[in-house]
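In order of appearance the chains are A, B, C, D, E and F, and numbering begins at 1 in each one.
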Amino acid sequence: MQKLTQTANTLIEALPYIRQWSGKTFVIKYGGAAMIDPSLKRSVAQDIALLHYVGVNVVLVHGGGPEISQMMKKLGKQPVFVQGQRVTDEETMEIAQMVLVGKVNQDIVSLINAAGARAVGLSGKDADMIVARKMQHPEVDLGWVGEVVSINRHVIDALTEAGYVVVISPLGVGENGETYNINADMVAGDIAVALQAEKLLVLSDVRGIMRNVEAPETLISTLTVAEAERLEAEGIISEGMIPKVESCLRAVKGGVPRAHLLDGRLPHCLLMEVFTNEGVGTMIQ
Amino acid sequence: MQKLTQTANTLIEALPYIRQWSGKTFVIKYGGAAMIDPSLKRSVAQDIALLHYVGVNVVLVHGGGPEISQMMKKLGKQPVFVQGQRVTDEETMEIAQMVLVGKVNQDIVSLINAAGARAVGLSGKDADMIVARKMQHPEVDLGWVGEVVSINRHVIDALTEAGYVVVISPLGVGENGETYNINADMVAGDIAVALQAEKLLVLSDVRGIMRNVEAPETLISTLTVAEAERLEAEGIISEGMIPKVESCLRAVKGGVPRAHLLDGRLPHCLLMEVFTNEGVGTMIQ
Amino acid sequence: MQKLTQTANTLIEALPYIRQWSGKTFVIKYGGAAMIDPSLKRSVAQDIALLHYVGVNVVLVHGGGPEISQMMKKLGKQPVFVQGQRVTDEETMEIAQMVLVGKVNQDIVSLINAAGARAVGLSGKDADMIVARKMQHPEVDLGWVGEVVSINRHVIDALTEAGYVVVISPLGVGENGETYNINADMVAGDIAVALQAEKLLVLSDVRGIMRNVEAPETLISTLTVAEAERLEAEGIISEGMIPKVESCLRAVKGGVPRAHLLDGRLPHCLLMEVFTNEGVGTMIQ
Amino acid sequence: MQKLTQTANTLIEALPYIRQWSGKTFVIKYGGAAMIDPSLKRSVAQDIALLHYVGVNVVLVHGGGPEISQMMKKLGKQPVFVQGQRVTDEETMEIAQMVLVGKVNQDIVSLINAAGARAVGLSGKDADMIVARKMQHPEVDLGWVGEVVSINRHVIDALTEAGYVVVISPLGVGENGETYNINADMVAGDIAVALQAEKLLVLSDVRGIMRNVEAPETLISTLTVAEAERLEAEGIISEGMIPKVESCLRAVKGGVPRAHLLDGRLPHCLLMEVFTNEGVGTMIQ
Amino acid sequence: MQKLTQTANTLIEALPYIRQWSGKTFVIKYGGAAMIDPSLKRSVAQDIALLHYVGVNVVLVHGGGPEISQMMKKLGKQPVFVQGQRVTDEETMEIAQMVLVGKVNQDIVSLINAAGARAVGLSGKDADMIVARKMQHPEVDLGWVGEVVSINRHVIDALTEAGYVVVISPLGVGENGETYNINADMVAGDIAVALQAEKLLVLSDVRGIMRNVEAPETLISTLTVAEAERLEAEGIISEGMIPKVESCLRAVKGGVPRAHLLDGRLPHCLLMEVFTNEGVGTMIQ
Amino acid sequence: MQKLTQTANTLIEALPYIRQWSGKTFVIKYGGAAMIDPSLKRSVAQDIALLHYVGVNVVLVHGGGPEISQMMKKLGKQPVFVQGQRVTDEETMEIAQMVLVGKVNQDIVSLINAAGARAVGLSGKDADMIVARKMQHPEVDLGWVGEVVSINRHVIDALTEAGYVVVISPLGVGENGETYNINADMVAGDIAVALQAEKLLVLSDVRGIMRNVEAPETLISTLTVAEAERLEAEGIISEGMIPKVESCLRAVKGGVPRAHLLDGRLPHCLLMEVFTNEGVGTMIQ
């Protein structure tokens, strides 16, 4: 009976948050440890199913760098990176697409289906959803690395209205039909803006933005855009976090009320953030 | 952090139930202690708001015998009962209507609104929703005591589709426009059938059906219609519970898959029943 | 046959008006003699049913001062008024709510149903429809007397679109969920503005605005807002009519094309006003 | 004021009928004197506009024999009839179409528009609405005289749902696209069946069915199908009335609850029939 | 097999055009040789059916001057023209209406139906679609010759949304219900503007605008509004073409992207214009 | 001009077919040479875009055996087949999914998008669309080779209604969420039945069913189900064609009016079949 009471109390404590988010859209950038550890994977899928059932439209954008590199190696090809960007020749692009769309995306769809919601996977090429162009680099030719030009939200809307969780692989299509590999953080930010989402939730492998990366107690709970930009300018944001912070800034500047950097290593970090008063990680608004 | 984890885990445990009930209709018969104790009142309202937000259409039918008797006494009129039925002369009918519609119903609407859902109160006279006729008694004239002839569900549908919790006072309208006072348990059962509800949940002041009323451990968790009728025939069901059991039987025979007798004295008994594996009280199916 | 011809001719004369009002919304403030005399009550209900069937969305706001005072006396409580406002302590508020919602409103619903349309009663507390705050008085504390802060029209729209006449009791809900008793004339004016009604029709116990209350022939048929305000400033409008005139002014200033002060003692005064060329009473535009 | 009261009373007396017919479909066969006398023409148009505004879907089928004969003569062609059927050669068919669709129908549309509703004229050829075949005659070749094979109601529905009164010329289209002239009474009956109309109202130049055509007091108010067939067999129904009675019988046998033979010489006979208790003419049910 | 290949190739070449026009509205002014020669008539009807099936909303406006004159002569009446305008007395107006609505329009409807689409004929009097006023002439009274005041597009929309091709006779209705005969070119231009059509296509009996009417090779393929107005001012546009050019200019100035003058003597000129790269005739944009 | 005329004539000859198929659903099984040769690939994509624009709902199911084998070899794994079925261990399943969903499907989506329609790729795992179970083989364990249990058409409907061509990879999901590789011919047949398609069109690398595979002139144009089964029993159908014929039989028995075996080596064979009188290949009905 004590267990029953506790269950009921917890649900009631979540009620104000359920009320607040019902009918809204959340864009989740999924990657890092939460996409590797089987137990964390299941936990994320459950969080998404729950969000779905309390009335949130969930759109997930995933990355997949490690899986791509692993497959490249299996196929006897050495990954090359320039300043964090994967140099993407024709063959690499093909492998990346195959891994992202044919493996990573489908695995996520299966996980969410298993958790009881119904998910549909899309790539940015489906319905010409993500229009892209070649990313210019001052010194090297990055190959088929692209950046977002525009988002056609119509297919996402058709699927969320039909009751599906949408899972998106970060590929884009150029004006001649060519395929681009795009940074998933950036795609997530742009999709959050295109959908006028209520929240962008970015999963990473750190606790959030910390003044001192070594000292967990220096975690910053809340930042304005201006403050985040100052921290970035001051070099306090670690290199690995820069695309994630940039994605959040893009979203907030584009009209998304709040963007969150969450620690994906924490089971159920999505629920903790959105259904409790304390929240976890860093919120940019 | 431990608290956060526990919150998340509880929500995840509730997920299969949320999935199961989302989009379904529950009819709740509200009365007894749960309608008197302020803390229980708040607890029921919160349960309803939560059910509403996870996608359940909630329709509540309330009683109000004690409040009617109290107001009658204030107005210098002595309540008279024959075999549990209130003898209802013209003046009593007017007081009953005033108390049920103008006091009890409005209080419940306020409580649910305060818990964050939006409720609308109706009587069975609104939109000629509950069509009734005089209840015949072999020996005495019970006055304006009625029984349900038919339910016009259109106004209930219009309001639930518009996103409201509907709160119903158990009055009926006769073929000449006259008003009838009807047993709320019976109204709840008939409305559950008319709406083809997924569940009828009847709150009472006992733990459920017990083989021995003195021995809580004799609580019966599950009963078929046939078994319930046998228990009734054997006199094992206490007199006070008979209308509640009858209401459940009527619902199940009319196509409602499950009807529940719950202990309204237990805070959050609605959530305990529908969001946990164990359940509480007696289920008739 | 002569009778038949006359019937046909009358209907045909009404045709231009039917065409004009079809699909529009009328807000009716119901009170005074028309709410007491049984034959007048039936006449108002028939007028409303007819308006409903020729395509007008009818929303009625009722008062109920005399019924409240009567019930207070029955319960041994003396009504107290300060400058026309009822001092409303907790107990008075409870009685007022019970009488307005549980008696007056339900009686009107029954009358309209009997006349062949289908009506649904609401109080301003249902769906948090009328948001209110305490009315401040320079000298005395009026208790739970409120004024309108805002109107949530969604529930009214849901019911009129579903084909119902809506009957509203003039209660409001404060920001902490407390109940306020509000002047029905004012509620009617505010609802007419919120619904962007075509007409506000206020029933009273006088013939309209007269230059000389003793001389019926001084009835003013048409007034602009400016003229009405001048008459008010000059003290020509009797005290009892001030809230009604204020309600009309509020409506017209808020975008309602025409507001009418009608003599509710006249059977079918609503039909006479809206379906004939001459009209009755005073129109403010 | 007396006039106002009378207007109001008349409207109220019509209320039960308005309620009864609102949302239903009436098919009117228009012809005879009511299509010639300017004042009667206006009266029919007003009746239709009123029916339209109280929520009736009005579909009118017109004839036009005299106008066709007149135009034929102007063009130097002699009309020929065999047993009441116009022998219709190619040229006659062309004239008939021109007169029915280009003159009679458009005049009716103008009259209804002038009365304040909005009408749209169609021929049975529009949208292949009336599919027809050649009518066989045992002895003579009647030329392009047709009979109804089937009715495509889709275009009628599209226009009534869009708020228009539909005016139909009785032409049909054969399987090779050829045009047929069809008896308007029969078309009206078939359209009433296809639309599952509530009423078929046939205007003629007699008072109804009379046992003795010379004695108005022998008018029969109500007939069953069986009785009407008996009268027909007994030769009591005059030759001119036979197609009209046949049309009514076809309608009632096809599921139309009531068909009426009305005296079109009586101004506002439509309103008299449908909005009063007495009714006029003969009803077949 | 060669034939099959050619069919497939042709369809594929048409694909980019089909894509471009799908879901758009085309207004076609139909007249001249294309309305006389049986084979051209069939060809236009097929073109329209094809446009309809690849998703174009087709609205056709027809003329009929020769047919009117012919009927007038048959009825012993001499047509009179003043500067190209038909002087239209009462009787002429009646004949014009009869011929346009009852003959020409119905013939076109039949042709389109035979080609496999479904057409519905309307005159500008139906649903008060074309509101008109008397055209003033400085010297003579032209009688019932009108010009467009405004277009009520609602009935056109209702029919195109229901899947019909709409065929319109160029009559208008004045403010007192009187009928006007209007130049069909002008009606077509105004309807194209009212519908915000993608194209206005005007069929004529010349190849387009030519610098030298005698020299086909001087055909001008494309003109801006300014250029067309200059040519008109310079007297290079032949008198007979002036109303057609004016109609095109009106359309383009009113927001129609492109208006085309096509040679109706060319079979399938509509398809040639809209489904090939070269196009035919003169385009004004 | 001759070219223009020919274009127009061809389009007009296609009109009756366009009319016939507009609004219907075609399921296309895509594979073989038509999926390898770049020019054939483009031709299929164009055919699909054209079908889409003339109002056909196109759903394509693709195979991909050769691509899977090729990738397996690149990854150092030897494909093993038992009676035409690929023995599918865990690693093979993963490669198959990656190649089908991440490469073949996306390539088809790109081709169709380039041809001007908008395509969306799905696997049978998306939205749990294809529910499957393990295929039993009497002697060997085929691993993750499955057969269809049921099709959830909801996601296909959502996308076709939103205006997309749907491209499906033949994977299925088992009751424990496991992935199955399924024969694409069979999936196409089952989806045609689930969608109650108008046609199933199966592309292969032969001309159709021939009595003598060596003699093209023995091609059979039309077969009933019974005849096809007889030919199969007589061993006249070549082994490679058996799954394709079986898929057609399944479709026709399940209510699809016609199934076609087409020669995918023929450019635009889809258009030739559906837009000409002759047709190509073998039709089973």
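We adopt the following convention: contacts are C-beta pairs under 8 Å (C-beta built on N, C-alpha and C of every residue); 3 or more make two chains touch, one makes a residue touch a chain.
Note that the coordinates shown come from a computational prediction; the quantities given were computed from them, not determined experimentally.
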item: Chain hops separating chain F from chain C, counting only touching neighbours; value: 3
item: Chain E against chain D, contact positions shared by both copies (same if over half, else different); value: same
item: Option in B-C, D-E or C-D whose residue-number contact pairs overlap A-B by over half; value: C-D
item: Fitting chain B to chain D on CA atoms, where both chains share a sequence, rotation angle to nearest 5 degrees; value: 120
item: Whole-Å gap between the CA centroids of chain B and chain F; value: 56
item: Computed distance of Cα centres, chain F from chain E, in Å; value: 45
item: Chain centre separation in whole Å, for chain F relative to chain A (CA means); value: 35
item: Residues of chain F engaged with two or more neighbouring chains; value: none
item: Overall pattern in which the protein chains touch one another (line/ring/star/complete/other); value: ring
item: Chain E-facing residues of chain D, complex; value: 74-75, 94, 97-103, 105-106, 109-110, 113-114, 118-123, 125-128, 154-155, 158-159, 161-162, 164, 173, 177, 179
item: Interfacial residue positions of chain D with respect to chain C in the complex; value: 3-16, 18-19, 22, 43, 46-47, 49-50, 53-55, 115-117, 267-268, 271-272, 275-276, 278, 280
